[in-house]
Amino acid sequence: MSERMRSLLVLSLAVVIGLVTLALPLVLSSSDVEIYVTIGLATIVVTGLSLLMGFAGQVSLGQAAFYGVGAYTAGIMAVHHWPSLVALMAAPIAAGVIAFVIGVPLLRLKGHALVFSTLAFQLILLVVIENTSFLTGGAIGLSGIPALHVGPLAISTGKDYAYLVWIVAVAVLLITRNLTRSRPGRALRAMAITASGASAAGIAVESYKLKDFTLSAAYAGIAGGIYVFFIGYISPDAFPVTLSIEFVIMVVVGGIGTVSGAFVGAAVVTVISQVLTSLGTSPSLPPDLPTVLSLGVYALILIIILRLIPAGVVGTLSDLWKKTKPSASNPVDTTGRSVLDSTVQAKDG
Amino acid sequence: MSAFTEYLITGVARGLVFALLATGFVLIYRVTRVVNFAQGAFAVFGGLLTFSLLRAGIPQGVSEVLAALAVAVIGLIFGVITIAGKIPLLSSLIITIGLAMLSEAIAMLAWGSIPISYSGLAGHDFVILGAVVQRQYLLVLVVSLVLFGSMALLFGRTYFGKAMTACASNAYAAKLSGINVKRMGLLAFILGGALGGIGGALLTPVEPMTYNADVSLSILGFAAAIVGGLTSPGLAVAGGLVFGLTEQFVSGYWSPSYDTAVALALLIVVLLWQARRMRLEGLE
Amino acid sequence: MHLIQTIKRDGGLQGEGDGGLRCNLFRKERGRLRKAVTASVAVASFALLLAACSSSPTTKPVAKAKGPIKIGMITSLTGPYTPLGTNDKLGAVQEVNAINASGGVNGRKIDLIVKDDTTNPTQAVVDWKTLMSDGVVAVVGPVFSSSCMAILPDVQASKVPSINTCADDSQVTPARKYVFMTPPTTLIVGQQLLAYMKAKGITKVAVAHDTSAFGEAGWHEMKAEASKYGIHFIYDGSFSVTSTTFTSILTAVKSSGAQALMVWGAGPAEVGLTTQFRAMGLTIPLLFSHAEASMLYTKPAGAAGNGAIIASSIGGIGPFLPSSYPAKSTIMSFANTFKAKNGYYPPEFAFDAGGAVAMIAKAIEENGATPAGIDAALNHMTITTGDGTYSFSPTDHSGLTTNQVAITRDTNGTLVPTKFTKAMVG
């Protein structure tokens, strides 16, 4: 295949994917548009988390907390009659600022201690939200959040949100892509492989980690901001620890440290769980069946995916591609290596 | 005074249950480097199986032991699924989360979604320094002390324990010296399962067990274990006690709404202090 | 378009190595291509999955005058509210089957479409939209309060009536168009418990409530009403839905000198509280709201729950009602069918959802199977279901009064009406 043909192929693929993405909200039923928006929101959050896990080697089990911070910031401001666009813009800023402030001490922790502290942060945040009802509405939540207005334009239908969320998702993916290919990106990757090595090479490890942590929180924040206008109501129930776990699952299923993996992971996991949730609710079926499907079958699919393709969908596909083209030497591994990402020791026996 | 004693004893008893869960985490992590988020599921199975065995007319004491043995087998199965073959650690961690969900589905099918409880140690509750203490807490105290003692002996005195420790510190070297590292990993899962099972069996009489209690139990066990860097059983016990006591005193002298939040915040402070000390000592 | 470029070019990790300059260009191009293929496979598989997911037709079928009438249901079949939602579904399905077996409504069968909100408000919104595209004429709404609140704007926008089974007063105070509820409000339950305490000569009461929407609302409404009944709350403690130890609250209650402990909360926490209440040797009356009025509480609480005073909808004491009581036959025919099929007396959730189906069926009978017709009929409906007799009006979308709230005593796992309630039902 000549260079020219290759470029043509790439271009036509790009056009096809672009058209599909733009056309989907028009052809999907209104409930599927909701799922489409959900996937877009998850993609934004998971892109940040993937950046954090794959490039900076940090696992956060509290990413839903930043999603919640964004949602509550936008929701509270909107309820207090701030212009909705300002409220939306404030969401990533608030999430980023909070991440920066807690990141300064927390990022001194390594490995699982950091994992624990992010999890703990989310649990603490939920308690704070429940006990500051004058501001957050407590457990009852905040309702009556007005619609989002961009200038004279009201964003109200599911389709509107589908386009809004994908514009933001594209922006987030572009920022991330540029970042990972820039000098800071290379620094982050080096850091994920060996922090001490990176630091010896003159990379300001701590500062990069903090920036990365802040950025990933800001991504989650903007997703939360869109979420609150989309649903029009928030309560702490929307941000359980299981949501944070689900984000991590999406990263791993998609393929850690790959930018397209964020989207693939978000889409695959969301669609699987939606399909499983919609099965088994029929009146003639036993009432236990939904639990068996949503927990049992979901868990089995998850375990099977990870046993068969531990590197995730995108990671495995690119590994396969590599095998078919042995000449394409690739000195950098697809997955950032970190404390949490080496192979199980006990296997060696 | 009586209130103080009551908080103290409840805190210690709960702390010891967390410690039992935490030592399971530590055992499995030390040998395999896997953070087993299905640890809480072991406790759930322990409690629910004990309930069924007691119902079948098997006497107290025997039921708990049988349940713990059954959970040890579950631990073995989970171990095989988690660590067999070559797999990145993060993927194996997610697999343990998957196993926890699978356990919830199984527990829901077998025992339903209603909380389950049974009466614990027979006999009247007793009074210490003006505080009424549930008798079950005494059992928790005795059993966990015996278990912690035997674990210390196991690791310190036996070949098996030393082999496990060797796997933990350097799998490659352990393998060279003829230790079957994978088998040690599975043994760790068996023991971790048994410890979790006993914890659940002891806990259920004071706190009714539900099929989905595993998430919070895993978080609490993880919290206690992290104080010892997931590798020190002694510090994990300390972590469990700190957590249990903080919860009770915050709950008693401030508000039960904040108990877990404050205990978690305190653990973060402890971790930061540990990290700072390591840095100062140049151990990093 | 942007998305594609991103995916296409996200060669970040693979395209660029720091190998020799010579082959850099070549490698970059290859990396790009590889990424493009990866991404297209990903998008294609995603599209396939989505197609598989959208089993529902994408066009809105218009409700026709023939064929079955579609009624939607949103409930929690997975997640923390599973025990409630499961019984909701059993109750609704039983009522639908009964209606269909007797020839349906106006000669048409009812087709119940059930959706699981996974105890998550976000999913409830997705479910609502799915039901709307399925073309349902009315909905049996969520049992999870947050889900009820989350779908409110959509209910108003779609103008399809939703009879919710969550116990949240704020959804009907003030009455909103298209939103109705079947469980007794926390207000009337609180009033009835206060009346009971007054009748018992209790004046100093301690309260423990969880920080859920239900627990908070119940406690605040009861506090606001207390002075009318001459009752003083001398201690209040809050706990979280996931709390497992109540030592501190119970210690404080013990030393407060309260004559009774009132508990507002829903979930497994109340079982633990009961066990520890008995273990600490407390002997004052222990009172619960209607959230504990089923075997979901009495069974795990076991002997410790014996003697607890529990508010209940009137359906909970069906077997004890005198045969002269108007709702008795409705309650017992529902309960007997339920018990025969499921092996236990129906908890309130089953009555709530079954009642909601009966209301929708009656509305269709009166005004036809259109959302507007059903809504108009509901706004003036008087109907007797397993929860008692409702009188809806445009300003009252709950329809029950304190007369439909029983005060019972847990007697070896059975809810037996107190003398106070026996006097009320006659």
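Per-chain numbering from 1; labels A, B and C assigned in written order.
Please note the rule applied: a residue touches a chain if its C-beta (ideal position, glycine included) is under 8 Å from a C-beta of that chain, and two chains touch if they have at least 3 such contacts.
Since this is a predicted model, take the numbers as computed values, not measurements.
> Going by the stated contact rule, which chains contact chain A and chain B alike?
For chain A paired with chain B, the chains in contact with each are C, in label order.
> Per the definition of touch at the top, where is the C-beta contact count highest among chain pairs?
Ranked by contacting C-beta pairs, first place goes to A-C.
> Just the number, please: Cα centre separation of chain A and chain C in whole Å.
Roughly 31 Å, centre to centre.
> Which positions in chain B are in touch with at least two other chains?
Residues 108, 113, 257, 260.
> Pull out every residue in chain A that's touching 2 or more other chains.
127, 130-131, 288, 291, 295
> Find every residue in chain C that makes contact with two or more other chains and list them.
Counting only residues that touch two or more other chains, chain C contributes 82, 86, 211, 240.
> For chain C, which residues count as touching chain B in their complex?
Listed in rising order, the residues of chain C that touch chain B are 80, 82-83, 86, 211, 237-240, 242-249, 251-252, 255, 268, 271-272, 275-276, 279-281, 295-296, 299-303.
> Taking the complex as given, what residues does chain A use to touch chain B?
So the residues of chain A touching chain B come out as 53, 59, 105-106, 108-110, 112-113, 115-117, 119-121, 123-124, 127-128, 130-131, 241-242, 245, 248-249, 252, 256, 288, 291-292, 295-296, 298-300, 302-303, 306-307, 310-311, 335, 340-349.
> Quick one: which bits of chain B touch chain A in the complex? Just the residue numbers, please.
By the definition above, chain B touches chain A via 31-35, 81, 83-95, 97-102, 104-106, 108-109, 113, 167, 171-172, 175, 179-186, 215, 219, 222-223, 226, 229-230, 257-258, 260-261, 264-265, 267-268, 271-272, 274-276, 279.
> For the complex, which residues does chain C have touching chain A?
1-14, 16-19, 27, 29-43, 45-47, 49-50, 52-59, 77-78, 82, 86, 89-90, 92-93, 96, 112, 114-116, 118-123, 125-127, 129-130, 132-133, 144-146, 149-150, 152-153, 170, 211-213, 215-217, 240
> Within their complex, state which residues of chain B touch chain C.
2-3, 6-7, 10, 14, 108, 112-117, 119, 125, 132, 134, 206-208, 210, 212, 216, 247-248, 251-253, 255-257, 259-260
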